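Naming follows writing order (A, B, C and D), and every chain is counted from residue 1.
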Amino acid sequence: MKAFDVVVAKNAGEALALLAAHGARAKLLAGGTDLLVDLKSAAHVPGVVVDISRAMDLAGIELTEHGLRIGALATHTAVMRSPLVREYFPALVDASHTVGAVQTRNLGTLAGNLITCVPSMDGGPPLLALEAIVTLASSAGRREMPLGEFFVGPRKTALKPDEMLLDIVIPRKNLGKPTAFLKFGLRKGQALALVNVAASAWIDPKRQVFVEPRIALGAVAPTVIRAPKAEAWLEGRPATPESMAEAGRIAAGEAKPISDFRASAGYRRDLIQVLTARALAQAAAQAASKRKETSR
Amino acid sequence: MKRRGRGIACMWYPIGFTVAANPSAATVKVNEDGTATLLTGTVETGQGALTVLGQIAAEALGISTEDVHVVSGDTDTTPMDTGAIASRTTYVTGNAVRLAAEEACKILFDVAGPMLGVRPDQLEMRDRKIQVKNFPQRSLPLGEVAYHAQAVKGRPAIGSATWNPPTVPMDPETGQGKPFNTYVYATQIAEVDVDDETGEVEVIRIAAAHDCGTAINPMLVEGQIEGGIAMGIGLALQEEILFDSQGRQINPNLTNYIMPTSLDMPAIEVDIVDSYDPTGPFGAKGVGEPTSVPTAAAILNAIHDAVGVRITSLPATAEKVLAAIKAGPGREMKQLTAA
Amino acid sequence: MSSISMRVNGEMRTATVAPETTLLRFLREQLNLTGAKVGCDVGDCGACTVIVDGMAVNACLMLADQADGRDVLTIEGLATRDQLHPLQQAFEIHAALQCGFCGPGVIMSAKALLDETPDPTVQEINDALAGNLCRCTGYTKMVAAIQDVARSRGAGTVKLPAPGNIGRA
Amino acid sequence: MTVDTKLETPVDTQTMEQAVLEPATLRLPAVIPPVPFPIETLVPDSRQQTPAVGQRATRSDGRLHGLGQTKYIDDIVLPGMLYARIKRAGVASARIVRVDTSAAEAMPGVMAVLTGREIPVNSFGPSFQDQPVLADERVFHAGDGVAAVAAVTEQIAIEALEKIKVEYEPLPAVFDPVEAMKESAPKVHPPNSNIYATKVVKRGDLDRGFAESAHVFERQFRTQMVEHVPLEPHATLAEWDANGRVTLWTTLGRITLGRTDIARTLKMPVNRIRVVGTIVGGNFGGKNEITQEPVLALLSKKTGRPVKGVFSRREEFISSTTRHPFVMDYKTGVDKEGKIIARKVRLVLDGGAYCSWSETTLGKACILAPGPYNIDNVHVEAFVVYTNKTMTGAMRGFGAPQVCFAYESHMDDIAAALGIDPLEIRLRNVFDEGSISPTGQVLHSVVVRDSLLTAAERFGWREGRP
């Protein structure tokens, strides 16, 4: 690696002050699983790396009045082990579990996954389907935005040079919302997604229809995207294999996959269709089993 | 929906170079306490060659694996060897080691004969002893004889030998000849699940029955087979170096060059086929390369069995399998006369 | 230059490193602990796996500076003067390693797994090893060796180390 | 509010500060810590038993592997050692107009730079000497080395490579082996033909065989280029001494023949070269020929210091050998019972930019291509051709996995068409003791039938579907 300086921020406040002081020269280091890989092959390295990997005030996962708050430093392993996440958002556990391998999950953070912003990120789809809000902060103040707006393009987010992501909040209204995450990669271990899909929906217990279905797709567009047409079509429809298959077809039409050396656009569309239908089916099954539990 | 299929593939594979000379030399030194040191010019590249060669030397000297220390891989000190290539080490280097050990034995038998009151050709080595054949009650500890040979008779027990598999050149027009001295055989049977909506292939288990002649070390043979199968799975389903239109590799890294991880491995059931090759050291042939030869074929046949499509180019990626499923069975296959 | 101080295999180590030095380079080049290997240097192969505050990590993806104040365990810290670690013993008995290059990383991953999950399923073992590429063995004998250790320890007979801290929630 | 997060401070800072202040713990990195290892030698029973053959003896290197004490080349450091790096062309086919190393040489910490023109005999290869150690006049594939640097640190060497400027004049290139066989294709090594080796195996009367067949099947099969991926990359440490001898510790699976190649490129007597094969971290055929050894030897000679070079993972892919892609045409005639009567095979091997072990691969593939079956009428013809891609060479199986994929897929096609069980059709055709191979060899110790039956028994083949 080419030479750079490291300054340690022990908490969020210090990190923001350092970002204000160094501006675009600085780069934040949290898990480092993406940043260090980039720096090793980079022709130009940042002047200063602000190391927040021990700013433990950013590491928490907690339930607040707004919903489930996941701190910027929460690793994938922390997400997988959190009783709160396991109880309310098992799909997020599944997503984190498919990131890299144990070693990368122990270092890499969920927030970092969003910030690196590659279209195939695994953290993005479930959070987008669950309508997560991210909090960005600079020394000048804070702002919140829906995750969908945070993703700007491949490797490009709404973060300004002096800003950092503080936390991710899944709104309270979605606590326990049945959600499934499915990923298709070229192998089982350490796989990058060819396509990943998260589907989230309530099922009206009386009418057995989808309520507020949300579908998010990864690796099939410049950023992780929602499939609004499929969602709208599905709203109020019965949770049948036919409706889920149709939603998959619509979602496949909404995506803009590219052909690359990993897969063709056409194959990615096929996968969206299949995975979306399967994810919806899993979400519906979750809803059914939850109902059984409560009725017992 | 997941569809299960099974596929079988057998193979043959030669040991050693194609016609070309590929000699090995070895030196065995029996130390004055009856332990031994083996010098070989081959290199340990993970296959366990040094352990196996040590076992061969030990067998010839009637001592244990631990009694033999193997020195290898130094052109200044170790004898010529063609090296860790062509699945030849156990067979070719092993034969040289066995012969070298027998040379050392000859010295020890010469020395022990008078000590035991018999002719040298009446003696054999067993359990760290030199004993009279068919009359084991009369014996001497190997160490005692080795010490006597070196310190009293002035004939340290050192043996050297070379071996090269005999071949017959191939006729340039017809290819007729005897390019190799021996071959090994194997069968692998794969069971797979194919997802007929995504084309994903999961290898569930593989039964592998391999011939290696005598298994000098069955545990290491199993290790070779298991590792070879992993490589075969990569060849069958995952691995491919890709190039751009300018001839530059697209995926020269372990992120994008997809090789099997632990999660991609099936259950493996290994059988070592009962076999003995009189031309090999104690009946041994070899096992290194052939372990990954039939795997891809077995898996591809299992895919065919599961979903009825014949994938004719490797790797059988999920995308390729799905495309074939969509295109329907029987593509590309030409049958020239009616069945 | 950064001044760092960390516990490595139970012993406090203090050093000055260039800020861009990875933990892997620091261990190998400054502490002469060459058990962790450079296999890819970008976190794909796991040959550099060490345990930091109880968690298996790729030492190539961590700056030495980030390990400041932490507890680092490398393959060299497993055995004592008198005894091999049970994993080292089991790997030897099963011939679970062939060329051996991936071995230290695999054993560290296995240790982190068993510290957390004393009686893992085959699936859990495979999951724990998925970050450690091996080209020789097909992983089969590694899994058997790890199962052996888990079985021989028996449920609850082993005192597990205190849980680590990295990213733990 | 529920909080499931207990934030703990990573380490008790107070204790740590105290510890740091204690003089005894203020050890500097120069003091190498003792590495604990078991001093008691516990020898597993399997290693102590006689007879030794057949024992599940543990490996002699197994314990050191597990302790992390096996010394691979990258683990060795000699006093004053330099680090070498090689600049890769990045273009597949070009004439080298100019190599400017002046900026690299001027960098502080750079001790020597080497180009292809400084190599005494700039060619090597196990069959044909068609491969330059470092490309000097022409680049044949994108992974060719064009210059090398020895520097006091690896990082300086890497940065120095960026300062070496190479001017190329692009030349036509060919990447597809079937294209490369055409007369009109650009020649990879002009004036030589791109088809650099052929092999034929012929037995019986093919035409009569097909005429007598009840059914004839035809299919083309293809395979891909594959990398060995040894976990340890190619690595070499070279030390030139005052007697004019050079010692090379290297990841080479065949040191004796490697030494011959090194002596040839360095134009030195063989006995002035010592090659030490350390424990190699995986080979699979990929470490069967020299790569950077002459470069490091010459850099050591230039600088008078030991020089170490370790391939990056990228170099491992782009500049070491790979497995041959095959294009395989099979035509098989069988009788009504599925007994093979005639088989014609045509193999085209993509050799990449250099021959390497292609001749051997070609030979083995050609001989093995009919499969382990008794076939009276066989004709196999095989070609290996140059392309401007990464060179292909020895890899576990020398072409056998490729042809096995083809002949065994073909076998199942035939079985399916004739409605014969795949195991059964093989049992009807396989070699037995004394069978004649396609090259006319009488085979001994033949157990392919046993292997089929053993595997089928283990798998439960005859019990039917699971």
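By our rule, a contact is a pair of C-beta atoms (placed from the backbone, for glycine too) under 8 Å apart; a residue touches a chain by one contact, two chains touch by 3 or more.
Note that this is a predicted model, so its numbers are computed, not measured.
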Between B-D and A-D, the pair joined by more C-beta contacts: B-D
Euclidean distance of C-alpha centroids - chain A vs chain D, Å: 40
Gap in Å, rounded to a whole number, between the CA centres of chain D and chain B: 17
Computed distance of Cα centres, chain D from chain C, in Å: 29
Chain centre separation in whole Å, for chain B relative to chain A (CA means): 48
For chain A, residues that touch 2 or more chains besides their own: 1-2, 54, 59-61, 82, 101, 188-190
Junction residues of chain C - those touching two or more other chains: 40-42, 44-45, 69, 95, 98-101, 126-127, 130-136, 166, 168-169
Residues within chain D bordering two or more other chains: 4-5, 8-10, 58-59, 61, 229, 279-284, 313
Category of the chain touch graph - line, ring, star, complete, other: complete
Residues of chain C touching chain A in the complex: 2, 18-20, 22, 41-44, 46, 49, 55-58, 60-63, 65-66, 68-69, 109, 112-113, 126-128, 130-132, 166-169
Residue numbers on chain A that touch chain B, as the complex places them: 101, 184, 186-190, 192, 261-264, 267, 270-271, 274-275
Residues on chain D engaged by chain C in the complex (per definition of touch): 4-5, 8-11, 13, 16, 19-20, 25-29, 32-33, 35-40, 42, 44, 58-59, 61-72, 74-75, 77, 228-233, 279-284, 310, 312-313
Chain C contact footprint on chain B (complex, rising order): 45-48, 219-220, 222-223, 226-231, 253-255, 259-263, 265, 268
Residue ranges of chain B in contact with chain A within the complex: 197-198, 200, 238, 242, 250-251, 255-256, 258, 260-264, 317-319, 322-323
